[in-house]
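Have a look at these structures, which come just after this line.
Two complexes, one shared chain (subunit A), two partners (subunit B, subunit C).
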Partner chain A sequence: MAEVFPRLLPPLWVTIKVSFISLFLAFIIGLFFGSLNCISSKFNPINIITRFYVWIVLCTPIIIQIYAAYLLLPKVGIKLDVFWVGVIALTFNSAGYQIEISRASISSIDKGQYEASKTLGMNIFSSMIYIILPQAIKRMLPATANEASHLIKASSILSVIALLELHKAAINLQGNSFKFIELLVLQAMIYLPIVLCTSYIANILQKRNQSKSTKIDLIK
Partner chain B sequence: MKTISLIIALLFSGSVFAGALDDVKSAGKFVFGLEVGYKPFEYMDDSGKLVGYDIDVSKEIGRRLGVEAVHQDTNWSTVIQTMYDGGFDLILGGMTATEKRFQKVNFSIPYMNAASGIIVMKDSGISDRSDLDGKKVSAGAGTPQLDQLKMSADELNISYDGDTKSYDSDAVAYEAMRSKRIDAYASTMVSLLEFAKTDDNFTVLSFASDKWSQEWTSMAFTKEDDDLRMAFDDAIRAMKSDGTLAKIQENWFGQSFVDALPDTSPTW
Partner chain C sequence: MLDTEFMLYILPRVLKASLVTLEISFLSLLFSIILGLLFSLIALSSGKIINIIIRCFVEFTRGVPQLVQISIIYFALPYWGIYFNEFWTGVVALSFIGAGYTIEIFRNAVLTLDKGQQEAGKILGMNKYQILIYLLYPQIIKRSLPPITNELINVVKASALLSVISVNEITKIMNDVIFEYFVVIEVLLEATVMYLIIISVLISISRYFEKRLVV
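Our next item is the complex of A and B:
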């Protein structure tokens, strides 16, 4: 089995690319709509649309979102390479979670911070950009690293739209050798260390956040 | 007035029909859809190259039309939808011509025999499709064998153990049979024989009945692209008469099926 390992490396690179491009895009989208959600008053169109979007993403299985991207986009005249269909599907999914992550992080920032920046003569946008977001992003990072683990694993489902990522490459190898179980173990052995790394990073970020907040508590 | 509009409509539709072949010729290539992992029709060989009967046939047709043959891997259960969405010009992926599929696509003249078979473990005691009574049966997702299992049960008045399971990949089905989750798996004869070669514990039985017609492997085209289909039909006919198709079949299946292939495309 070890001799097929080199053939899984280019697909592994596809897995990593599709996961991290989606993570990056979802992070930006999440940050933008998450902060809009926190700034604006409860009932406005942006809030309602965002809530609806998050609701769709969180309440439907990812495999359906992937099929939808693959089959519905051509219907509206968007014909993309299957890699970018994968990016869109994963971004669509992950942005739903990222909006929730950034909304939670931003609203966890102490109200006093807003008041202090208001006292300094900042309007809501500059206080958001210079005061609130730098703190909120730090709090978002552990959850975002978790999201990276989730995306790397979820990218295997992109095999259903024939994107040649790690899992699909292994399926193709099975079609020739019929060695199903061996390839299953081999795939797991490749996914495992990568996801382990991202979880480890999430852990470190989590701990760093905690130790910092205790320091602040001590100063208080 | 009516005649004029009819003529205009005919002219217009004529130009649409002429489109697909011209498009292929001007692009210098045709793109065909398939799903990798259907040995010996299309699979990755040990060096990671896509090879198989379909690949050789497509190259030969490309050579005859003077264009390049480009394959596009896709999901088999949505393959027709993806062709209509513009993913590829035709399906050339070991597709069995069936009445259900014919409602959506037009078929080329057959280029391979697609007789169904059942694979079972040698020690299962199953030697005929009537032995499937009370057994766990399965077939590939979106394949005609799924329907045939049902027809077979109705015809022989037998019932299977539980629902007929459908698998996305043949390799998973074989593994499921090794672990006794299923007793029998129906697919095309040639692909089952290919697997049985690698494992002595399996044996392949014929799965034929008057309830379903003799089956053929054809290429599938959209209903609009009939000019492209006819160009492919001509190429297949030429390959049949000059022995090229027989040679490719002997290379991949160990024998030639050309003499039994009908010369007209399957319709219903």
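Our next item is the complex of A and C:
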């Protein structure tokens, strides 16, 4: 086990890279469309399209989305490295969740905040950017950290499109050494602390948010 | 634009595969409910060490990617001398994954019940197993229905991963058909629509439970 461990480190770096790049992209997409969703009316075309998109993402397994990205992108004429295909697939999946997360946290901000910024003479965009979003992002952080751990786990599925990340590398090593279970357990022991750390961070963020909001309530 | 004739031609295969998906999901959910009830009972009624062991199991099923767990079980079962076909290996893997979640669902449901219930049971002279089985568990069945249907949705999604150990469910059949006929868009669309139908129905059932059954 000890001798194959160094050979699993570069693939581990690929796993981390692919998950965090997708998390970053999905966060931005989710924030943008989530806030658009909150501003616009319910029957606005943008609103309907994003809801349809979220529905598609939540109702299909991620492996189908990965296959779809892998098989459909070349059909449209976009030929990318398999790493970037993986990034696109994971971003597609995660953006659906991020839109929901940001929509929920923006609509959880108190109505009084909007009214206060209106009386200060701000229009809807500047009140969104300067008043609402800074507060909403703070509330989004725990769910986003959970999403990070979800993405690290999901990145193992990218092995089906032959991206050399941790799981694929372990499968390849299995073919060389025929030590099936040892390699899988070793790999599980690499995933476990990373995922547990991210969900631990999510818990801490959640608790900090809660204690802050109770403090504000006490002051009131 | 779309080759509808071909889509109709492969429809029976996809429908058969979605039956396998449903079968495997319901069987694994059933087994994981049984495991969850059993282990949550053990966790609630025993001391620290057993609780830590169960906690470790739960953290393992949550912290390790499902694909890795499926491959571990796929290789570990024959290693221990247990030979199943792919279908039952898949059921074992998904029940193992699901059990981690159902244990927590049942345990949390019991812990959110009022403390007075336990005290009342104690006064009636029940021991801790009687309190759990006759007094507390009957009350949590209603409460845990919405999270259990959510868990069923997760199991259906996870069953797509069983294509890597060649269980004949929707994703595997989709792959087979794509590489048999080299038709991509039609087949992908059909598989996606199948999943959309199954999961949307399950989601509306879980919403119904959440509205009607919240105590």
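The definition used in the following text is that the second predicted complex is superposed on the first by the 220 of 220 C-alpha atoms of A that agree within 3 Å, B and C clash if a C-alpha of one lies under 4 Å from a C-alpha of the other, contacts with A are read in each partner's own complex, and residues count from 1 in each chain.
In the analysis below, contacts are C-beta pairs under 8 Å (C-beta built on N, C-alpha and C of every residue); 3 or more make two chains touch, one makes a residue touch a chain.
Everything numeric in this text was worked out from a predicted model, so none of it was measured.
Undergrad: Considering only the touch criterion stated at the top, classify A:180 as touching first (subunit B), second (subunit C), both, or neither.
TA: The answer is both, since A:180 touches subunit B and subunit C.
Undergrad: Of the partners subunit B and subunit C, which touch A:79 in the superposed model: first, second, both, neither?
TA: Touch status of A:79: first partner only.
Undergrad: Specify the partner with more touching residues on subunit A, choosing between subunit B and subunit C.
TA: C
Undergrad: Taking the superposition on A as described, I'd like to know which of subunit B and subunit C A:71 touches: first, second, both or neither.
TA: both
Undergrad: Is A:172 in contact with subunit B, with subunit C, with both, or with neither (first, second, both, neither)?
TA: first
Undergrad: Would you sort A:135 into first (subunit B), second (subunit C), both or neither based on which partner it touches?
TA: After superposing on A, A:135 lies clear of both subunit B and subunit C.
Undergrad: Given the touch rule stated above, what does A:113 touch, subunit B (first), subunit C (second), both, or neither?
TA: Touch status of A:113: no partner.
Undergrad: What is the contact status of A:161 with respect to subunit B (first) and subunit C (second): first, second, both, or neither?
TA: It touches subunit B, and subunit C stays clear.
Undergrad: Which parts of subunit A are in contact with subunit B and also with subunit C?
TA: Common to the two interfaces on subunit A: residues 67, 71, 75, 160, 171, 180-181.
Undergrad: Flag every residue of subunit C that touches subunit A in the complex, lowest number first.
TA: Residues of subunit C touching subunit A: 59-60, 62-69, 71-72, 75-76, 79, 156-161, 163-164, 171, 174-175, 178, 184-185, 188, 191-192, 195-196, 199-200, 203.
Undergrad: In their shared complex, at which residues does subunit A touch subunit C?
TA: Spelled out, the residues of subunit A in touch with subunit C are 55-56, 58-64, 67-68, 71-72, 75, 149, 152-157, 159-160, 167, 171, 180-181, 184-185, 187-188, 191-192, 195-196, 199.
Undergrad: Using the touch definition up top, name the residues of subunit B that touch subunit A in the complex.
TA: Per the touch definition, subunit B meets subunit A at residues 35-39, 43-46, 48, 73-75, 78, 81-82, 85-87, 168-172, 174-175, 195, 198-199.
Undergrad: Within the complex, which stretch of subunit A touches subunit B?
TA: Its residues touching subunit B are 7, 67, 70-71, 74-75, 79, 160-162, 164, 171-176, 178, 180-181.
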